[in-house]
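Take a look at the structures below.
The two complexes that follow have subunit A in common; it is paired with subunit B in the first and with subunit C in the second.
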Partner chain A sequence: MRNALRRFGRTHEARLLLVTVALMIFLSFATKNFFTIQNALDLLTSYAFPGMMAAGLVVVLVAGGLDISFTAVASIAQYLAVLAANHYGIGWLGLFGIALAVGTALGLLNALLVTGLRIASIIVTIAMLNVYYGLLMFVTGGDTINSLPDWFANGLSWVVAFDSHQNPYILNMQMIGLVLAFIMTWLLLNRTSVGRQLRALGGNPEAAKRVGFNVLRLNMVAYGYMGFMAGLASLVQAQVAQTVMPNALVGRELDVLAAVVLGGASLFGGVGTVLGTILGLALLAILQNGLILLGVASFWTECFTGIVFLVAVSTIAWERRRQRLAIRRVIGTAA
Partner chain B sequence: MSALGPFNRATARLGPVNRRLILLLVALVIVFGLLLGHRLFNAASLRSMAYQLPELGILSLAMMIPLLSGGLDLSIIATADLSALAMAWILTHMVPAHPGFAWVAWQVAAIVAGLVLAAIVGMLNGLIIAYLEVSPILTTLGMMTLIKGISIGLTHGGVLSGFPAPIVFIGNGDLWGVPIVLLIFVALAIPVGIMLTRSPFGQVLNMLGSNEAATRYSGVDTRRALVKVYILSGVLASVAGVVMMARFNSANAAYGESYLLVTILAAVLGGISPSGGFGKVTGLVFALVILQLISTAFNLLNFSQFLTLAIWGATLILVAGVTRLREHFLR
Partner chain C sequence: MPKFLEMTGISKQFGGVRALSDVDLDIAAGEVHCLAGENGSGKSTLIKIISGVQPPEPGGRIMIDGHEVSGLTPAESIRRGIQVIYQDLSLFPNLTVAENIAVERHHGLHAVNWSAIRDTAQAAMQRVGVSIDPQSFVADLSIAQRQLVAICRAIANDARLVIMDEPTASLTRHEVDALLALTLELKRRGVAVVFVSHRLDEVLEIAERVTVLRNGEKKGTFEARDMTDRRLVELMTGKSFNYELSETDLSAAPVVLAVRNLSRAGDYDDISFEVKAGEILGITGRLGSGRTELALSLFGMSPPDHGEIRIKDRPLQLSSNREAIANGIAYVSEDRLSLGLIMEQPISSNIALPVLERLRGPFGLVQAGRWRETVRRWIADLGIKVSDPENPVRTLSGGNQQRVVLAKWLATEPSLLILDSPTVGVDIGAKDGIYQIVRDLAASGLAVIMISDEIPEVLYHADRILIMQEGRIAGEYLPHQVTEAALRQAVDA
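Up next, the complex of A and B:
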């Protein structure tokens, strides 16, 4: 147990946890509203969408790929699902069925192209982002869907408790979706054979191929899962926004990437954990929330986010460099 | 095949990528020519293409150089906007109302200040990438957020507008019928092309992209070279900032954001390898002309600009697919 703790203490996640907790303690004393259950619930609700996307993206990064197109995939999935729900009585099952199927299908198409074209996944998915988004905007004419079915607009929520002023604390589908997304990703990466294979593929693609891994199949799992998450997250987002705008999501892909990378996932593949992703997202969320509560004009939020991100990736890179040099020294003395 | 012999010899110097791009361009000219005829190929629409192409063109040059070195610069648009805002601030606050020596001097000073600011941003990118060994995507992603944040923080998202006549002339005027902005693009593309193929730095750049470790072991100061790459990228982005500012007669923290990923598309379509080391300015120019032709023709056909975006993406996938299939069947 103590050994495990000590080992955890030296990981990137531990340092991230330390920074996040320090920030939380500071904000709890510096602001009146940070350390309240309501603020925590609000944060969970508003960061459900980027969080679920991050849970999908970390899988692609671990497998050594990169997906930029997921915001457009989510836009298409939510548009088609809500459109269908408005015209036919398809209910919750049909709504989620369509969004998940569309998301997964587009993710699988990405996987086919990335594997088949053999050019960098970032290039393929940038091109597909333009294709998906361009076609969606062309076909819909950019029209917003303002009226959602009543049952969807009301959403799923449960009052779980009341505070001292009898204001309700609400558990909603955003929180459930977020938690579910992270649990699913954790299970996929840590408890399945395919998750192990994804990590191996990301860690050393050439070796994985020679061992006989089916790269196409593994890419289909990774990008398909990303598409699946995009479909799921898109409905969660549509429910919060209470409208479906075809151009509301595209442009946020790099923010999600920033959160996942802050969590320690490497763009070179093979490295990345669910705990890290949660912490990376939490740090960004708490930072942005804290700046607002501290009364810093919202115009400066992006600037602070940029500084924190640059400092974080620099420390990660510096740490990895030190490890590499240490390994080289050990090999040098052994030889 | 013998009839094609002279053609093949004449085009051999172009290389396979450019040959394919020229074929695509010719095919598009024929198709759009049949569909649109004089509506597309007249002086007015050629002029409008000549005004539109340089913005994306200069930004793509700024993206191309880091791509060749095996990196990427996601901060070019933010750099262009930040330096345009700095220039715009000087232009709107310092330039006296009446022409005179100070009037000229402050305008020159404004542009120089913008270029220097962009060079500093580029240098920071380069230093972080070269000395802290942070990956270029992450460094420039963070830099993009940071400097866009500074632009938004200082302007509160507002617009600075109303510049002296010479600045507006840069964006909207012409010399002997040729738009100034196109002349600026040509005046950048030719030296960059020569630098990449004929200069020692160009050689180092391509070697860096092919194999950084080997380049370092062959005695090249790769870190210095990388810093230069990102300074150059920043300065080129800043020239694009001048062009955008002059064309719109205003500056804002968010102008041109939709160009960011498109510049990567244009560069890769132009045969610049996304993993670095290979690519020519001529390829990039052909790609830009193709993209611009599609955009203008679709505009005349009354298709939405978003369909253009989709077709741009599909063109890249298609060209990559054809290349891949040829490799597959010719082996």
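Up next, the complex of A and C:
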């Protein structure tokens, strides 16, 4: 236990946790509203969408790939699902069924293209982002769906308790979806053989082939899972927004990528954890929320977020280089 | 002893090129066997056939455990106990030692059984007497430890024949000894081991038989105890190399480099020596003895803490490699692939880049004519086999790449050339070419420092030998006054 704790202390996640907690303590004293349950619930609700996307994206990164197209996938999934729900009485099951099926199918298509074309996944998925988005805009003419079925517009939420001003504490489907997404990703990456194969593939693709892992199948799991998450997240987002705009999501993919990379996942593959992703996302969320609460102009928020990202990623790179040098030194003296 | 593997009449052709013709090979259970040959001799093709990656041409027969196998696939080969450990080891740096060893347990679609993985790994490690923390990540291990992990993985897969491709290439002597001890343990357990190598001095110590391939043909299988290095080289190359020990008299030659009391904390300590014009000074010592660090300091890459460097009697304070180049020092790095060349760039650019400054004409623009002239001259001078100097360097063979690196640095017209492990990964035939070039360069008045792991290399190709140990110079020898065994002892002391 002590050993495990010491091992954890040396990880990127531990440092991220430290920074996040420090920032939380600072904001609790510097602002009136940060350290309230209501603010925490708001944050969970509004970051459910990028969070669920991040839970999908970290799997793709661990497998040594990269997906940029998931915002377009989510847009298509939510558009088709809500359109169907408006015309047919399909209910919750049908709604989620359509969104998840569409998301997964488009993810699988990405996997086929990335594996089949043998082109860098970033290039393939940037292209697919444009293909998916362009098709959606063409077919819909850019029209927004403003009227949602009542049951969906009302959403799923439960009042859990009240604060001192009799305002309700609400548990909603956004929070459940977010928690569910991270639990699923954790189980996939750590408790299934396929998850370990994905990690192996990201760590050394050549060796993975030699061991006999099926690269196409693994890519289908990774990109398919990303698509599945995009489908799930798309409905959670549509419910918060209370409308479905075909152009609402595209453009947010880099924020999600930033959170995952901030969480320690490597663009070179094989590295990345659920805890890191949660912390990366939390740090970005708290930072943006805190700056707003501090009354900083929103342009500065973006600028500041960018700087924090740059610093964090540089520390990761620096730390990895230091480790490599240390290993080389050990090898040298052992000889 | 019963035969584990018997192959007869194995031939293979790739697009009109004969890779193997009518080769026989047999491996007894628990035998340690060497497969020797230069690059392109057919070693890799033979391994691919044994491991089921490539089928042999019709007429070739493969018997495993006395049963004829036809249509061997990789999975079938593994199932029958054949495991290949490639030079890159094929490990997963981001997974734990236990997962790497028990990677077969990750196949399929099921929940991970972490305790079974740990048990499999522990059992495999225990069977061959290896102890590495199963929870540590492979990325944090040394090369030697990684190799042990790869061997344990083979054991965990119930290997009966382990084929190791160039296993000693990146190991220190001490680590090689550990590997050889482990091999004997495998042998005791009835597991046969095939070493594939073109550097066999260590492996010959424990092997029973050696099979030599040249140009796809088998030159024979020999008892290892009757084999000498010299004979092996002859069999592999078809040529004999008789190197004479140097007795060059350099007493009258001017001193090019003089180093006095040079120290750098943690790297080397109180180093003094001289190199004369026309001299080849060999420096040898184990990895980590400070030889490479010393070379980097002479090249201005890591400044010394104390001491003095003089070039042609002028004191030098080098703070960058650019200054070193300007002062006539050239350094050809150990790792030519990652540091010495830009693999995707044309051969011509690789040669001309370091001297771009000198090729400039009016307006500071590079003059195409002088560029071409420089490239042509060095390609001719060093006998680089090039079809078109505009091809990427990557298309050249290892020996020719090495020559391009040399050309690149010679174009800077140095007075001191530092070569760090100049023949690592180069065939014996190509090595000979490099030795010839270095001797010719020295004969033309260049001072050369040749750093090497291989004792015969410094013994036969240097005029004087320094041995470094833990950052200090532990001895100075003249080739004709010392034996290979004595040098080896001095290095390992």
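The rule we apply is simple: the second predicted complex is superposed on the first by the 334 of 335 C-alpha atoms of A that agree within 3 Å, B and C clash if a C-alpha of one lies under 4 Å from a C-alpha of the other, contacts with A are read in each partner's own complex, and residues count from 1 in each chain.
Quick note on the criterion: a residue touches a chain if its C-beta (ideal position, glycine included) is under 8 Å from a C-beta of that chain, and two chains touch if they have at least 3 such contacts.
Just so we're clear, the structure is a prediction, and the values are computed from it rather than from any experiment.
K.L.:
Counting only touches as set out at the top, which of subunit B and subunit C does A:Ala127 meet: first, second, both, neither?
P.N.:
Touch status of A:Ala127: first partner only.
K.L.:
After superposition on the shared chain, which partner residues are touched by A:Val211: those of subunit B (first), subunit C (second), both, or neither?
P.N.:
second
K.L.:
Of subunit B and subunit C, which one contacts the greater number of residues in subunit A?
P.N.:
B
K.L.:
Regarding the shared-chain residue A:Gly203, is it in contact with subunit B (first), subunit C (second), both, or neither?
P.N.:
It touches subunit C, and subunit B stays clear.
K.L.:
Output check: A:Ala161 vs subunit B and subunit C. Expected answer is one of first, second, both, neither. What do you get?
P.N.:
Neither: A:Ala161 stays clear of subunit B and subunit C.
K.L.:
For A:Val271, select first, second, both or neither according to whether it touches subunit B, subunit C, the two together, or no partner.
P.N.:
second
K.L.:
Based on the superposed arrangement, let me know which partner A:Gly195 touches: subunit B (first), subunit C (second), both, or neither?
P.N.:
second
K.L.:
Overlap of the subunit B and subunit C footprints on subunit A, residue-wise?
P.N.:
No residue of subunit A touches both subunit B and subunit C.
K.L.:
With touch defined as at the start, can you tell me which subunit B residues reach subunit A in the complex?
P.N.:
On the subunit B side, the touching residues are 74, 128, 132-135, 137-139, 141-150, 152-153, 156-157, 257, 261-262, 264-265, 268, 274-275, 303-304, 306-314, 316-317, 320-321, 324.
K.L.:
For the complex, which residues does subunit C have touching subunit A?
P.N.:
Of all residues in subunit C, those touching subunit A are 74-75, 86, 88, 90-95, 99, 103-112, 139-140, 142-143, 172, 174-175, 286-288.
K.L.:
List the residues on subunit A that touch subunit B in their complex, please.
P.N.:
68, 113, 116-120, 122-124, 126-138, 141-142, 251, 254, 257-258, 261, 267-268, 297, 299-307, 309-310, 313-314, 316-318, 321
K.L.:
Which stretch or stretches of subunit A touch subunit C in the complex?
P.N.:
The contact residues of subunit A facing subunit C are 190-197, 199-200, 202-204, 206-208, 210-213, 270-271, 323, 327, 330-335.
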